[in-house]
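Next come two complexes built around chain A: one with chain B, the other with chain C.
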Partner chain A sequence: MIFYIARRLVWTIVVVLCVIGITYVVFFKLPAGNPALRFAGKSPTQQELAQIEHRLGLDRPWYIQFGKFAYHFFAGDQYGWPGLGYTYASGSSVKSLIFQRAPRTLELIAGAAVLWLFTGVAIGVISAVRRRTVADRVAMGFALFGISTPVFWLGLMMLYIFWRRLGWAGGAGYVSPATSFTQFFSHMILPWITLAMLYAAFYARMTRNNLLETLGEDYIRTARAKGLTERRVILKHGLRASLTPIVTMFGMDIALLVGGAVITESVFNIQGLGYLAINSALTQDLPIVAGVVLLAAVAVALMNLIVDILYAFLDPRVRYA
Partner chain B sequence: MTPPSDDRLLLDVRGLTVRFPTPDGVVQAVSDVSFHLSRGETLGVVGESGSGKSVSNLAIMGLLNRNRTAIAGEVLFRGRDLLTLPPDDLRKIRGKEIAMVFQDPFACLHPMYRVGQQIAEAVTAHEHVKKDRAWARAEELLDHVGIPNAKSRARDYPHQFSGGMRQRAMIAMALVHNPAILICDEPTTALDVTVQAQILELIEEVKREFDIGVILVTHDLGVVAETANSVMVMYAGRIMEYGAAGGIFTQPQHPYTWGLLDSMPSVDRRLEALVPIEGAPPSLLNPPSGCPFHPRCPYRFEPCATERPPLDVPAPEAHLDACWLSWDDKVRLGVERAKKVAA
Partner chain C sequence: MRRYLRFAVMLAAIVALTALAAGCGSSKKSSSSSSSTNSSSSSGGSTANASYDNGSSQKGGTYTVGWEQSFGFTDNLDPTGEYLGNAWAILSNLLVRPLIGYKHLAGAAGNALIGDLATDVPKPTDNGLTYTYHLRSGVKFGPPINRVVTAKDVVYAMNRLADPKDGAEYGFYYSVVKGFDDVVNGKAKTISGITAPNNNTVVVHLTQKTGDFNYRMAMPATAPIPPEVGACFEGKPGNYGRDLISSSSYMIAGSAGKFTSCSALKPFSGYAGADGNHLNLVRNPNYNQSTDPYRKNYPDKFDFVINSNADDIFNKVQAGQYDDEESSPSPKTLRKYGTNANLKKMLQSNVGDRTWYLTMNLTQPPFDDIHVRKAMNYIMDKQALRLAWGGAIQGQIATHIVPPVLYNGGLSEYDPYASPNESGSLQKAQAEMKKSKYSNGTGMCSASACKGVLMIGDTRALDNRMIPVIQAAAKKIGITFTVRQINGAYTTIQTTSKNIPISERPGWGKDYADASTFFNALFTSGAIIPQGNTNYSLVGITPALNTSKKLGVTGDLNNVPSVDKPIAACNAKLGQDRINCWEGVDKTLMTKVVPWVPYLWSNVIKILGPNVTHWNYDQFADDTAYSLVSVKK
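So, the complex of A and B:
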């Protein structure tokens, strides 16, 4: 078990290193033009440019630059850990910008994830157990709706109905839970539901299919032959075996969203990471984009690690593989 | 065979019929099957794949989906008809008074729970006991069915067990509540030959020790010859021949049974001496008219294709069979067959 975790850990570090390398090449080597020009303001002198290049380390060979980039990421720079450099536009640290926006995105993801995990799995179980009944058809109809509805449309409809017409929820914008928790909740509930809808639909379908497949297994017949109640057969024996692929998908989905639930954030004007990345890309403020990308990639690698470790707990066969 | 009326009678199945409606038509899986089982008896149920032997037992256990099967007949257990029992009452009998061991021990244990836990769960399914008591019972039973180091092996997962050990664990699970009936559905088919004998021996021991009735479903006549007291030969969902094991093996009456016996390999028989039954088992969507075996029967004559032979005792010294051949013919053909085999 320890060997298994250690092996996964080493691989995660390798992946993060690769991600840093690719990010560096894509954002700092491939773009045409001298990055120093972006820091320098309008019509700089040759001397000013050289000064900026020296400050950014652009006068050093590429491997030294990369080394510093990677070193700052792991060990931090003058703004603290992780060192992500400074923005072109204002010269402030990318880290502080990201840390300022990240809680909004994380709160959005966390709320939506709880919502979609529970509703999705619950709907999937009901659908599988009541297969080919009205409940099943309604649930799968909902799933089809959730999967095929564009998020921006759904978000706008939510706002129109529950904020504008009914006044049940707060409108667009973000209120920090530190300021007012009720206001925070009121403003977040619609984005949570909007973001969760698509995923809940996927999870419902996946749970249904996995569970139906599992319920055809011989060990389910054994569980019934023991005289267990049907509830126990399904929730303990059936769901347990159907859960592993769902855990994998859950980890990956959360990690991918860290890069930003761009559309949801835009519709509800929650200025989170996705919003930050898009705006920075439009103004070509590459260090910020690189910072968000790096963060998202590391999140994916870390979630992968967590999922792998969870797997070993969920499925004893993995532990000995 | 009329069921004995004494108190040793456990199970009395009358006219059991199972139909599966499918989009292609109705599958006639089991048709009009009647048999009985007493304490201390091992009933061998023999037939090819798809002869309805497993389905009959699943129907008795109530393990067929009631929404997708039509079941008729009576399954009397201690005076109650299991087929009409409400699902929850049947659940209370299942695993407690009637237990079942399945064919493939590799697929029948849940891969994600410890073996001991799965047996302990069978304890708590019918009895309100503390978890550690249930666990202790699981260890005790694993030891009883011959798992070495039962205490530590109970903490293993099924994939750490060999096939034979898994089947032993399944038997331990079945014995948790000292059931009256143990149904073994091809318990040795998935196992190595050397392990097969051990498992059969274990089942015999268990039967003697707890004085229970055993239904042993198999397609292996050798297995039946070793352990059964009575034998039921099934074909296409129907009983072809049913009687005491001695009678079935010394004087088989049905051409299908002859076919099964002649195609069975044994140590003193050379491969060339094996006579396979020509053809393949019929589709149960559309079973043959008359006797279901007639398309493959070398002795068929004119009533076989049109009229179904009743399950009857053809002579006072005979047992039940369903065949149009006259008793004299059966005796004559049986003697010829025996000579051919001996030669």
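So, the complex of A and C:
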């Protein structure tokens, strides 16, 4: 197992470097214009443009810039390790900017993940066990609603109803838990629910389908015949076998949200990593884009690894060399 | 039976939901049809509101501004290079005092120059080549410098402007100062034409008469910078912004203590950088109100907060959590404020000194023919374009290059391509098109060069509304477009080698209240550069210029008209002569060159919160006059 993990970590580094390399190619090959123009004023001379390009490191070929980035990432730069350079817009350390914004995104994901996992799985179990009853219909109706509703609309509706009208929640914006946990919770509950809704719906459907399939297996009938309680049959024997695809999905969803919860972050003014990445892409601030892409790629690779390790515990048939 | 019953119930539910949705939809439609924005005439704009006052201006409180998406500063608030208009409003109202300033009012009064750090606005001597500024006494830098501002601090700021390593973005305005270009080119360390004979006097020598030089000395980059702090950021453009030392009434929160060394200097906590989400300003304890007759400085604090959700910004403004906004109100918000008697007074709309236009490339067919360009001016439905922007409240229909306010109201009736209700005239357009080489005498652009002409647009919702209007109008005279919409279209149209025939994206605003800020950058051959070009129409281009600057322009470059000489002549003039001269250039461009179809002189719209007790518009910065606002505590 240790050898397996080490091998996977090495591959993770290779994958991440490939992803960053593609990011650099896309940034330079797409016809978005010269980023130096943004800092050059209204009527720059060629000399001024050349100076800005030199300052930002844009006067070198993309593969040289990528090589420098990769080198500094491993060796560190003037801001420490990992070396992610500085932003074009303000000369601030990309690392400090990402570390400042990352907790917001991670808190958003964590809260939403807890909600969607427990809600989705619970609804899926109820729906599978009470198949074709009113409970099942309501649950699947909820799933349909959750999958169909655009996140931005749901977020705006949540704000309108629960903040504007009822005053039950804190509205858009972010308050750090260190400042006030009550305010933090009050401001995050709506984005958690908004983000969780879509995923809970998927998980409910997935759980229901998998569980229904599992509950039809012979060993489940055997378990019932042996006199086990229905709760034990469903939770210990049925659900455990159904969880493998859920775990896969969960890992990938968490990882993809690291850089991808941009709509929720924008609607609720959380200004996390997704929002940072989008803004930077629009303003051609490559160092920040590269930094966020790097983080997201690492997150995806690591979550894949964690998910694969969890398989070994969930399914005794899975063993790694 | 049970199955059929269930099916019937489901069907009934679907029908009921559909009926409900239809009901909601129809009521929305009726409410939108009854709403209206401000009244409008055919070409007149909305009612301008220069200020808001409920009679209770008072010291104290925090003025909070919700800022959409990101600050967008071009140089991280470093005054040497900062070129964003919204940043200028903050800098010139609250943080820095250049030698020359403004009263921060609306209209012509707001464009009139006053002595800010200087005691008055000097007249040039020595045949218009020398300007002498006398500094007010008692103006001090804020913490951690805490000393009197001297002439040497102004000289340092000007040298910083010239040093190419310090990121100046409008240094070209000061090339007229003797010795400035020597510093730019690395031949000198300091500008020979700027001297400080004593602590309270700055003398500037020019190489040529420059009628608007005092306007140039009112720009934030010329404000004093303490060399002891400036030296910490030499060669690091933008970094000074987070340690900006105030010479005015407010400072960045966290500016405290005493400056000891560069290594001990940390970024002030009140500003997290251009990528950050807040800018907090507090009073400068060293500020002396008696030295400043125009700033009122009512609030104790200013908080500029980033908010990614535009709807949330306006919800918070209405709820009183924000007092002001740097955002673009949606048509829904404008309707709400425009039609509600209680909210209407909080909607402020003022002339923005900006022209929006379609730009036509004089080297690319069919726009290399002046008759086609004139026909485009005649046919364009400017009313519909303004409606696409949101209606009359968005501004006045543009009929020539420069907004009339920059001529002190001159040319306000000048409309060389007038049409009924400014909706376009097919008759006039076809009459003009008949004279074109691309027409077969029918008044339609029938040559193959008129079909599928490339038009570059942006990807905003506004562009999606404007493009069909432009296409429909042009089609009436036989011109069809192949439209390519690019996110951030400016970089494409600013690249000369792309040879873009026409674009609907551009707009241009003044840097200061002189028409030279339009004409020099937009229509002189010297302004044409391969990247970052703003003379989109390529007025004045020649084959020699195309080769020498490697512009990559194709097409017929031999007969492109030039206005270099009249512009140069106007640059040297002063006073009303200068204004009259610029008016002449405007008319020449509109009738003999015709590079544009101008369609809108846009307003700046602000929506204020209920706690605001006084608000003014700053005509210089085209933004809130922060030095004059007041808010309830």
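We take it that the second predicted complex is superposed on the first by the 258 of 321 C-alpha atoms of A that agree within 3 Å, B and C clash if a C-alpha of one lies under 4 Å from a C-alpha of the other, contacts with A are read in each partner's own complex, and residues count from 1 in each chain.
What we mean here is this: contacts are C-beta pairs under 8 Å (C-beta built on N, C-alpha and C of every residue); 3 or more make two chains touch, one makes a residue touch a chain.
Quantities reported herein were computed from a predicted structural model and do not represent experimental measurements.
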Practice prompt. Using the superposition on chain A described above, determine whether A:R240 touches chain B (first), chain C (second), both, or neither.
Written response: first
Worksheet item: Is A:V138 touching the first partner chain B, the second partner chain C, both, or neither of them?
Response: neither
Item to complete: Name the contact category of A:M249: first (chain B only), second (chain C only), both, or neither.
Response: neither
Discussion item. Going by the contact rule set out at the top, does A:R224 touch chain B (first), chain C (second), both, or neither?
Written reply: first
Practice prompt. Mind working out whether A:P44 is in touch with chain B, chain C, both or neither, as first, second, both or neither?
Written response: second
Worksheet item: After lining up the shared chain so the two structures overlap, which partner does A:L17 touch, if you call chain B first and chain C second: first, second, both or neither?
Response: neither
Response to the item:
chain A contact check, chain B vs chain C, more residues touched by chain C
Worksheet entry | First, second, both or neither for A:S266, with chain B first and chain C second | second
Practice prompt. List the residues of chain A that touch chain B in one complex and chain C in the other.
Written response: none
Item to complete: Using the touch definition up top, name the residues of chain B that touch chain A in the complex.
Response: 61, 63, 87-88, 91-96, 99-100, 102, 104, 107-113, 118, 121-122, 125-126, 157, 159-160, 170, 173
Discussion item. Quick check: in the complex, which residue numbers of chain A touch chain B?
Written reply: 217-219, 221-230, 232, 237, 240-241, 314-317, 320
Worksheet item: Which of the residues in chain C end up touching chain A in this complex?
Response: 69-70, 72-76, 81, 83, 164-165, 167-172, 236-239, 241-242, 273-277, 306-309, 311-312, 315-316, 486-488, 490-492, 494-495, 511, 520-521, 527, 529-532, 534, 549
Worksheet item: Which residues of chain A touch chain C in their complex?
Response: 31-34, 37-49, 51-52, 55, 87, 89-92, 97, 156, 159, 164, 171-173, 265-271, 275-276, 279-280, 282-283, 285, 288
